[in-house]
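Working notes for the structure below.
Lettered A, B, C, D and E in written order, each chain numbered from 1.
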Amino acid sequence: MPARHFVKYTFLKLDPAWRRLGDDARAAGKREFAAACADFAEGHLLRAFSTVGTRGDSDLMLLSQAQNLDRIHEFHVVLGQSGLMKWAQVPYSFLAMTKPSEYSDESRLEVRPAHGKYLFVYPFVKTRAWYALDADERYRIMQEHIALGREYPQIELNTSYSFGLDDQEFVVAFETDDAAAFGDLVQRLRTTESSRYTLRDTPVFTCISAPVERALAALDGEPLAAEIEVGL
Amino acid sequence: MPARHFVKYTFLKLDPAWRRLGDDARAAGKREFAAACADFAEGHLLRAFSTVGTRGDSDLMLLSQAQNLDRIHEFHVVLGQSGLMKWAQVPYSFLAMTKPSEYSDESRLEVRPAHGKYLFVYPFVKTRAWYALDADERYRIMQEHIALGREYPQIELNTSYSFGLDDQEFVVAFETDDAAAFGDLVQRLRTTESSRYTLRDTPVFTCISAPVERALAALDGEPLAAEIEVGL
Amino acid sequence: MPARHFVKYTFLKLDPAWRRLGDDARAAGKREFAAACADFAEGHLLRAFSTVGTRGDSDLMLLSQAQNLDRIHEFHVVLGQSGLMKWAQVPYSFLAMTKPSEYSDESRLEVRPAHGKYLFVYPFVKTRAWYALDADERYRIMQEHIALGREYPQIELNTSYSFGLDDQEFVVAFETDDAAAFGDLVQRLRTTESSRYTLRDTPVFTCISAPVERALAALDGEPLAAEIEVGL
Amino acid sequence: MPARHFVKYTFLKLDPAWRRLGDDARAAGKREFAAACADFAEGHLLRAFSTVGTRGDSDLMLLSQAQNLDRIHEFHVVLGQSGLMKWAQVPYSFLAMTKPSEYSDESRLEVRPAHGKYLFVYPFVKTRAWYALDADERYRIMQEHIALGREYPQIELNTSYSFGLDDQEFVVAFETDDAAAFGDLVQRLRTTESSRYTLRDTPVFTCISAPVERALAALDGEPLAAEIEVGL
Amino acid sequence: MPARHFVKYTFLKLDPAWRRLGDDARAAGKREFAAACADFAEGHLLRAFSTVGTRGDSDLMLLSQAQNLDRIHEFHVVLGQSGLMKWAQVPYSFLAMTKPSEYSDESRLEVRPAHGKYLFVYPFVKTRAWYALDADERYRIMQEHIALGREYPQIELNTSYSFGLDDQEFVVAFETDDAAAFGDLVQRLRTTESSRYTLRDTPVFTCISAPVERALAALDGEPLAAEIEVGL
């Protein structure tokens, strides 16, 4: 039986003072950060994303996954020892677990390696009125939502569950190369019945997929290449 | 067929400590910033605005536009390397895309070069009750809103779409030389039926159009000239 | 015909580190700040207020007024060059315009020179339900509000309009020597019909009128005199 | 006729860097702070409280009272000159006035000298629905609230009025030696009719009464004694 | 008769600059912190938790308990003198008391020594509509909630009461080795009737139990061991 996984989204914002350090100090700090990522990536899924140019309050996002929460704790301890983290804040952090869906067979017990250029991530909370509906009614309402999503096969959804673990109920992450289509889908979903039961679905993060070293390079001067190679 | 564009609003606030630096350091930092802007402006729309004297939490706003989000990412990476950005925060950031309107033929697929002295910018979110109305009803309600706007031909509206990309649904930007007329229009719009479906329309930014160099000069001592030359 | 004016409320909070500077540096910083104020005050209304002892998040407030927003921008650029502003934040900022009232003949197109010891300032937003009432109904409801205000002739009201310009709809500023009477009036206004349509009326600032130099002196050790001379 | 008083609650949070200063610097800073308190306390009520161990965002609270707001302003100007305030923020500040109650004869026109070990303080705002009730109805509802309070004679209430002066309507301060009884009273008050008209009653501060010097000593190493002497 | 206890949850976040200090300074700071904990733990319950890798805004949590609030105050005064606290903020702090439950016989007057690997902690506030129900109705509704909890015997609940003492009504803390089961329980509780009366139940903290020294070691490089020994 496939196992459930912990999924962690860690957003970093560099202190502007970090860019005032010398080249060597910055390079060493990034090397140590990349080494911690490489260690964790042996045996666990790890993906990096740049948010430079899409957000003002975040520069880089790491998505880490493990069956054992100890591994994610350990990864963040080691990461915290890198020179880069001595100048970084963590403005957003989402902890969740994978879980089979009540509403769909396409359940995902693991976040998969990169398929798309963008990952659109947001925390999600439903109103309590939603949970007061009976299960059949909730199932019916979700089918309209799911059917609309299927009109966009180029967009892949990962849902993970934060109940009891973190400040949201779900963390949703949509992966695609087509940002315009994704925006259109989200706008169309506003008119579905399920949308009336949304309590909170912000902040929304447009994350650009990149190997760890490229996401780090974007922090002090080297943009991601036009042709981004997906995957670590 | 004209293409949709990404539109990015980037607001900057300088650390007061920046003003304690020597003249040379400040001048170099601004030169590097202006050079990054000039590079991007070759082939893309870029506009600068000063918010000194209109906001307490922002000093300068850059509006950048590109068909490819990579170009906006790249621009912000390069910008981040300027000396100025080593002392700046980004208190607000809005990412959106242009798109033909459902309600009006005057659709805009590009933000245009400067026409007015002021740009009034705010993020915009409608209530879920709005989206529960049927499409005809929404169309009817928007016509009253649009008709009122047409009584103010000196005010030009740019709407862009943030669904799925950022924390708001729309970013609206009104351009005009006549701030009093704009204030009157917004006050009159409060009594329209469409206004009842507004969930959030703040913060509101009064942005004064200026060439990049003038917007930068306003950061450390030289006000925009009384007669502002519009355009980069 | 009298012209409408822009009105700007600028609240400053000094970094505690400023008080660790030497006497000369602090004195020079305040002199430069006062000089910028004196320049602007030639031909424009400018008033200063101390909030030391009334607020924790603000030390000083400047109220500036001009027919042309360029003058207010220019004033803040010059002010920003003073030594004092190199150690100050602007925790609150309100931009508005004067305008004749729909509900009262006592319209004010200019904020007037100081008459009172205190200025009580707050941003004000009405519910959308208010704007859904028809104009006659709104007029009727405002008459009760205005009549109650007239029972307190020692309190003078300045209302300015922020629609489209800033995060609130109105900035209201009540001027009086009698803080207790003002508190009583505000408490009594809670039971009026108009009060049910208030969405937001905070933060509230109790501002103590003072010449610029006295408001500056209160930042590092010299309280406003018991007998305050009103006016610049 | 007894006069109404201004009441000011000033909460301080020390920068952790203050604890890195040498012993002499810290001692001098506290001495200057205590001297400012002693000056004000000649002729005015002044009380000090430690919040070390009860709050994370505040270390010390001063309650000052005067008939003339100038005295409170003056006190805070002088306080601001102490070495301690060069390393302190004011995360919370409440300004209010005493006033006879509409609902009870036990009106208080002065906060009295310390009687209890704890002061429980919070800002308080009622819903607008409350103010839409007629005066008799409000009176009736308050009697249940007051009767319940009288079952706890060991708890003393001070209410002061912030309408028009600050961000809340009331500042309430309960004084007692018995924290458990106070918690029980507040829990029981939740089921009264008056409780349905509460809009906001947080943050809540558990303040431990102490002479100024003891509250200052608790900032850098010396806990309040087990047997606290109440009063300045 | 067993006595009620004060319970204090203190969350710490280290300034990234702390990690830039030398090894000796960091080691001394942690030693002093651990010594303060050891002193308090003689005669009082004290538990430590790491939140590295589960939260972005907290690194470590201390849970302290005493019958006398003076002991908790004293503990935090001494803790504040450690080198570590000279570089730490307290982003969250919850103060509460134990109390027999109205709804269940399984009342707890003390938080017990560690049984589980995780402690899931959050502040909890009910709507005022809950308190308007009569006591029998509230009792009936809570029985469904409690029955569902009993289906998860591997999860142990500690509830403490903050009415009048702090910003929430309750602090709830669930202890278990099985995070997935806990997440499932919380998700299932959303559909109970009692859930409709929840006003606020965030932030949620996933806290990993550890001896004080291990929780401290995780701050600068040594992860908690895979096999964590529970208890101090």
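Here is the rule we use: a contact is a pair of C-beta atoms (placed from the backbone, for glycine too) under 8 Å apart; a residue touches a chain by one contact, two chains touch by 3 or more.
As the structure is a computational prediction, the values presented were derived from the model and not from experiment.
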In contact with chain A and with chain D at once: which chains are those? Just list them. E
I want to confirm something about chain D and chain E. Since they are copies of the same sequence, is their interface symmetric in residue numbering (over half shared, so same) or not (under half, so different)? different
Cα-superposition angle relating the copies chain E and chain C, to nearest 5°: 145
Report the inter-chain centroid distance for chain B and chain E in whole angstrom, where each centroid is the mean of the CA atoms. 44
If you average the Cα atoms of chain B and of chain C to get two centres, how far apart are those centres in Å? 27
Return the residues of chain B touching two or more other chains; collapse runs of consecutive numbers into ranges. none
Looking at which chains touch, is this a line, ring, star, complete or other? ring
Ring traversal (chain D first, then chain E) gives D, E, A, B, C
Along chain D, where are the residues that touch chain E in the complex? 16-17, 19-20, 50, 52-57, 118, 120, 174, 179-180, 182-187, 190-191, 195-196, 198, 202-204, 206, 208, 218-224, 226
Could you pull out which chain D residues touch chain C in their complex? 4, 6, 8, 10-11, 15, 68-70, 72-78, 80-81, 85-93, 95, 97, 99, 128, 131-132, 161-167, 169
